[in-house]
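In what follows, subunit A forms one complex with subunit B and a second complex with subunit C.
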Partner chain A sequence: MVVLRAAARRLAVFLGTVLVASLVIFLMMQALPGDVAQVALGMGASPEKVEELRQTWGLNRPLAVRYFEWLGGMLHFDFGSSLVKGQPVVDQIRPRLGVTAWLVGLSIPLSLLVAIPMGLTSAMLRRRASGALINALSHVGLALPVFFLGAVASMVFAVKLQWLPANGYRSFAQSPGEWALRMILPVGTLVIVQSCFLARYVRTGFIDVLSEDYYRTARASGWTKWRGLIRHGMRNMATSLVTVVGLQVSSLLVGAVLIEQVFVLPGLGSLLVQSVGSRDLMVVQAVVMLLVFAVLAINFLVDLLYLWIDPRLRRGKTA
Partner chain B sequence: MSVRSGVILGLVLGLSGIFSACVPSPDSVRELSIGITVEPTTLDLTTDSAAAIPQMLLYNVYETLVKLDSQGAIHPLLASRYEVSADSLTYSFSLDHKAKFASGTPVDADCVVASIDRIRQSPNKTLQSQMAVIESVEAPSADLVVVTLKEPSNFWLYSMTGVAGIVFDPASDDLAMKPQGSGPYQFDSWTSGDRLTLAKNESYWGTPGRFENVVFRFIPDPNAMVAAMLSGDLDIAGEMTSPDSLSLFSDESKFTVIEGTTNGEVVLGFNHSRENMKNLAVRQAICHGIDRAALVNTVWGGKGELIGTMTVPTDPYYEDLSDTYSFDPEKAKQLLAEAGVSDLSLSLRIPTLPYGPKAATFIASQLGDIGITVTVEELDFPRWLEEVYRDGNYDMTIVAHVEARDIVNFANREYYWKYDNPEFQAQIALADRSTPQDFVPQMQIAARMLADDAAANWLFVFPNLIVAREGITGIGHNMTTLSFDVTTISSKD
Partner chain C sequence: MKKLTLIVGLVCSGFVVLVALVSLVWTPFDPTKVSTHRYGGLSWPHILGTDGLGMDTASRLMTGAQTTLLVGILAVGIAAVIGVPLGIYVGMGHKMLGEVVARASDILYALPALLLAILLAAAVGASVMTATVAIGIATIPIFQRMARAATLTVMSQDYILAAEVAGTPRFIIALRHILPNIAPLLGVQAAASFSMAILAEAGLAYLGLSAPQAVPAWGRMLRDADIYTAPGQAVIPGIAIAVAVMGFNLLGDGVRDYLDPRLREVR
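And then the complex of A and B:
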């Protein structure tokens, strides 16, 4: 019962935040200098034609009307139509979302696969040279900007060795082989940076466990170091790791634009940049809304995961 | 080696082994892939003025009655020949009777009339004004189009080689997403953010296209363009916006580097409605105060010719006037002193395009040396269009004007420079009306007027920088139109 009530309260906060976010996003779009009709007509535009186009696109109607129209549409997944292309926004977002989802969906699990053993080893061997080396390397990886690492990777593996294509994208449906080839470098780059970042948290988490009473007790009862850590340490460390991974998924979704730029991938980030450039506000606000929704949804999920991981939260007081 | 990099390397090695069999080598498929920097937001070139649309579609998908070659000469295309009446008012175009659209519909006089009408009604003011001189368009027979002008115009036929002259398939109902024309290639697909693919028009009425597919890939990042070209992923890097990296392509057994010219004048524009900028001495001082040769070195790797007025080397009336105001800071200071101008402070509001910010910093520093305080402000392009272009809220700005023969913009006092010189306006009108023989000398007078009046400071001509892999031939040296014309390109393989 407590669990359900806690979950319900979190859901309410989640939905409320989404609503507030939608209003903020909508108003921000209106405040943006630059006009979609002006950009479309460009340097050959006459003021009358710009006005005419604004009229056609319904940009001169009252703010409130446009906001509620947009909000109402979103309830049944209708984000309106792109002003410039006249195409439903959903049709523009769908293929882009696929690319970004692949990037995030592949790089986060792979990063965890690398980061957990890496952090664990580095925690256990922290007083030895090899542990220090792993730790130092993760610092280096953390310091490398993702666009720099990406550019270097493409120079080495595409230009010098010619093993992989330098950039570009093909969808999985069109050609699975090509798709895989073109995903290796961007995903690899993300995995390096992400795993270095996550490994730091894993390491700290395990080091904390090492000084806990329950761990000492486990050791005293004859368990080996590793068994103690994996049986008792994992779950304790998981709470903080889940928080960080949640934050990382959010920042990857939003920050994928950098990696998309370097590897010329048609993801959400590049759609956002492009639409801001043409002031196609319907697309911009839909993408931003989607990202905000995703970030909030991830936080919500993380909250629920806490309840699942930590039995203490399920009884009595919730965090 | 750390555990991490070992894992990654292993992964990369393993996967590349598995998939290397799938990499299509560029030689085995009859596909031409071209990297370009800007993706348009729509393909409708009658409403949207983005140069990227005609870059991909003009001459490749869409054809015009007459066409301009890379040397600037006019050739017949859909019209097998044309005749001009003695009073230069009537143009009779005889259509090539073989000509048909990719859909199979023949190109007849009615389609041409409908297309010209479509352009005349375009919301694009540039297109409108190019066609404003037309009195009437008629189709006396199925293969004859007669255009009557209100007054003789040398510019008009020239405009007809560009977007204004496109003949649209009457069946086209969606210019924005599905362009249909009569060219050797037809529109196949457009993956937003990635590529636009053209497929060979199997029933083309003229010399057929040489490739099964032509792919334009959108690569905005200059480093990504270089990497894609070096790794063999592209056949042609169609626009090199990082001139410094051209040295990476010096291996002639692998690459051909083309350095030609374009129609793009990079203009330091003055707002003539501002008191300070109305002063000729101030404008002259600014021109004398900027070392343009050094600027080109700093901003564009030394590629790009110097000019002194709104003309480019491929214009028939081009003259080298780049020495009109040579770099002379002392003279600049003297001009300002004589005019009694001191403590001059000007805004330089520029769009954040590849050349803008660097050029602006350079100019601000050099004008600082002659005692002019320049405040640089960067605006993203939509904001620039609104505040600078539409509202005229600026003293100076920098933009490349890529359209052909855009010197006429200086005759439009409403244009964002607000340059109002009745003498120049009369001269342009005179040149336009004059006989074809007189056109060139009359235009030269006009061009010199602009130069002497320091109506702007013309920084340099945007170079046409292209890299092609070995075996690709036929790429136009100079970009005389907005089209990236693939109809002349072939591959040895």
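And then the complex of A and C:
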């Protein structure tokens, strides 16, 4: 019962946050200087033409009406129509959703797979040169802009060595082999940067475990260092790691936007950048809302997961 | 070993500051002067070569340090000036407002600096200023949360109770007792946020959402570089960004370790 109530509370907060976020995004797009219809038609358009377009797009109706219409439309995947191309926004988003989802979806598990052993090793060997080296490497990886790393990777592996295609995308359905080849560099770049970030948290988490009583007891009863850390350390680290991974989703989405630009991948990020360029506000508004929703939804799931991993939180009270 | 963090941080960030200061009075060439000498290699007098418009890379790199530092200072300044007082105020005990601020923080936190900057760029046009303001706004929650958490710890101290009993106005308590006690923590956060801001601005510039081509900025230089014909023009600003980001990151870490020996083993 308590678990259910705690989960319900989180759900309410999540839905409320989504609602407020949508309002903020909508209002920001409304606060634009200049007339959307005027921008779409160009500066030379006659006032009558502009007025006509305003009528067609329903721009003359009250703000509240338009907000609720937009919100209601999104509930059944109607994001309105593109102001530039005229086609429904959802048709522009759908083919691109897969690219970004693959990038983020592959990067999260892979970077954990790299970060956990990396952090564990650097925590265990922290007083030796090799551990310090790993730590230093993670500092360097953290400072490298993801687009720079991507550009260098493409320079080395695609241009110089010609092992992999430099850019472009094939869908998985078209050709799984081509798809995999074209995902190696973008995903690899994201994983390097992400795992350097996560490894630092993993390292801190394991170092904390080293000073815990239960770890000392395990050691005293004859367990080896590694066994103690892996059997006891992992579980205790899981909670904080889950939180960090949740928070990282937003930075991964940002990373994906940049990586799509580097490797010319037709994902949500490149759609967003293009739409800003052509001032296609309906598309910008829809994609930003979608990305913010994804971040909030994943944070909500992380909250639930947290509740499941850490029994202490189930007693309620904590937000 | 731990001293090393501080030293490397000081050297890297100090170098960036020094270069920016020197560029105020002297650069080898005019950083915005276009010439016919395009994609020149590393040779005298263009020691770092020239870009696709024939502008001197070394001069642009030096002047770019100014842009980088300006972005960092302004973004962190915006975040701290709004986030810290809000955090202290809420931390000193305002339950209702606290809940509102916490929720607002959560929403802002879900809106990455990049998305905020994209919204702003779509609204008022792309420039270094919009990018910086967006990054600053997106950083407010970090300072707000940290100031609030630190204030909560300080509030349970006896000297706060003493001050309250003595009838010291709350504003004076905040200014004289709380702020000095949480300042070191905020300073460390400022260094970390500084490098985050630099990295974020570089990313925005790379997407074409910050500096226009004429303005010397590292991220923008990377965007305009053609990695196939002149890879050096992309590598040089990339390394500059990495050095600045790492420098301020290590500086923050180093100062934190120096201030609080208990934290030395952590992270």
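Here is the rule we use: the second predicted complex is superposed on the first by the 289 of 319 C-alpha atoms of A that agree within 3 Å, B and C clash if a C-alpha of one lies under 4 Å from a C-alpha of the other, contacts with A are read in each partner's own complex, and residues count from 1 in each chain.
Just so we're on the same page, a residue touches a chain if its C-beta (ideal position, glycine included) is under 8 Å from a C-beta of that chain, and two chains touch if they have at least 3 such contacts.
Here the structure is a predicted model, which is why all the values come from computation and not from measurement.
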### Query
In the superposed arrangement, which partner chain does A:V284 touch: subunit B (first), subunit C (second), both, or neither?
second
### Task
Examine A:A151 and indicate which partner it touches, taking first as subunit B and second as subunit C; both and neither are also allowed.
both
### Task
Pick one for A:G16: touches subunit B only (first), subunit C only (second), both, or neither.
second
### Task
State whether A:P47 touches subunit B only (first), subunit C only (second), both chains, or neither.
first
### Task
Considering only touches as defined above, state whether A:L181 meets subunit B (first), subunit C (second), both or neither.
first
### Query
Once the shared chain is lined up, is A:K85 touching subunit B (first), subunit C (second), both, or neither of them?
first
### Which of subunit B and subunit C A:S195 touches, first, second, both or neither
first
### Task
Please indicate which partner A:L164 is in contact with in the superposed arrangement: first for subunit B, second for subunit C, both, or neither.
first
### Task
Return first, second, both or neither, reflecting whether A:V264 touches subunit B, subunit C, both chains, or no partner chain.
first
## Note on the structure
subunit B and subunit C footprints on subunit A meet at residues 33, 151, 154-155, 159, 261, 276-277, 279
### Query
Which residues of subunit A touch subunit B in their complex?
33-36, 38-47, 49-50, 52-53, 84-87, 92, 95-96, 114, 117-118, 121, 133-134, 137-138, 141, 151, 154-155, 157-159, 162-169, 171, 175, 177-178, 180-181, 184, 188, 191-192, 195-196, 199, 261-267, 270-271, 274, 276-280
### Message
Quick check: in the complex, which residue numbers of subunit C touch subunit A?
### Response
1, 102-103, 106-107, 109-115, 118-124, 126, 195, 199, 202-203, 206-209, 219, 222, 227-228, 231, 234-235, 238, 241-243, 245-246, 249-250, 265-267
### Contact set on subunit A toward subunit C in their complex
13, 16-17, 20-21, 24-25, 28-29, 31-33, 132, 139-140, 142-148, 151-152, 154-155, 159, 200, 203-204, 207-208, 211, 250-251, 253-254, 257-258, 261, 272-273, 275-277, 279, 281, 284, 288, 291-292, 295-296, 299, 319
### Query
For subunit B, which residues count as touching subunit A in their complex?
2-5, 7-8, 11-12, 15-16, 19-24, 39, 41-42, 47-50, 123-128, 176-177, 191-195, 217-221, 223-224, 227-228, 230-233, 380-383, 385-387, 389-390
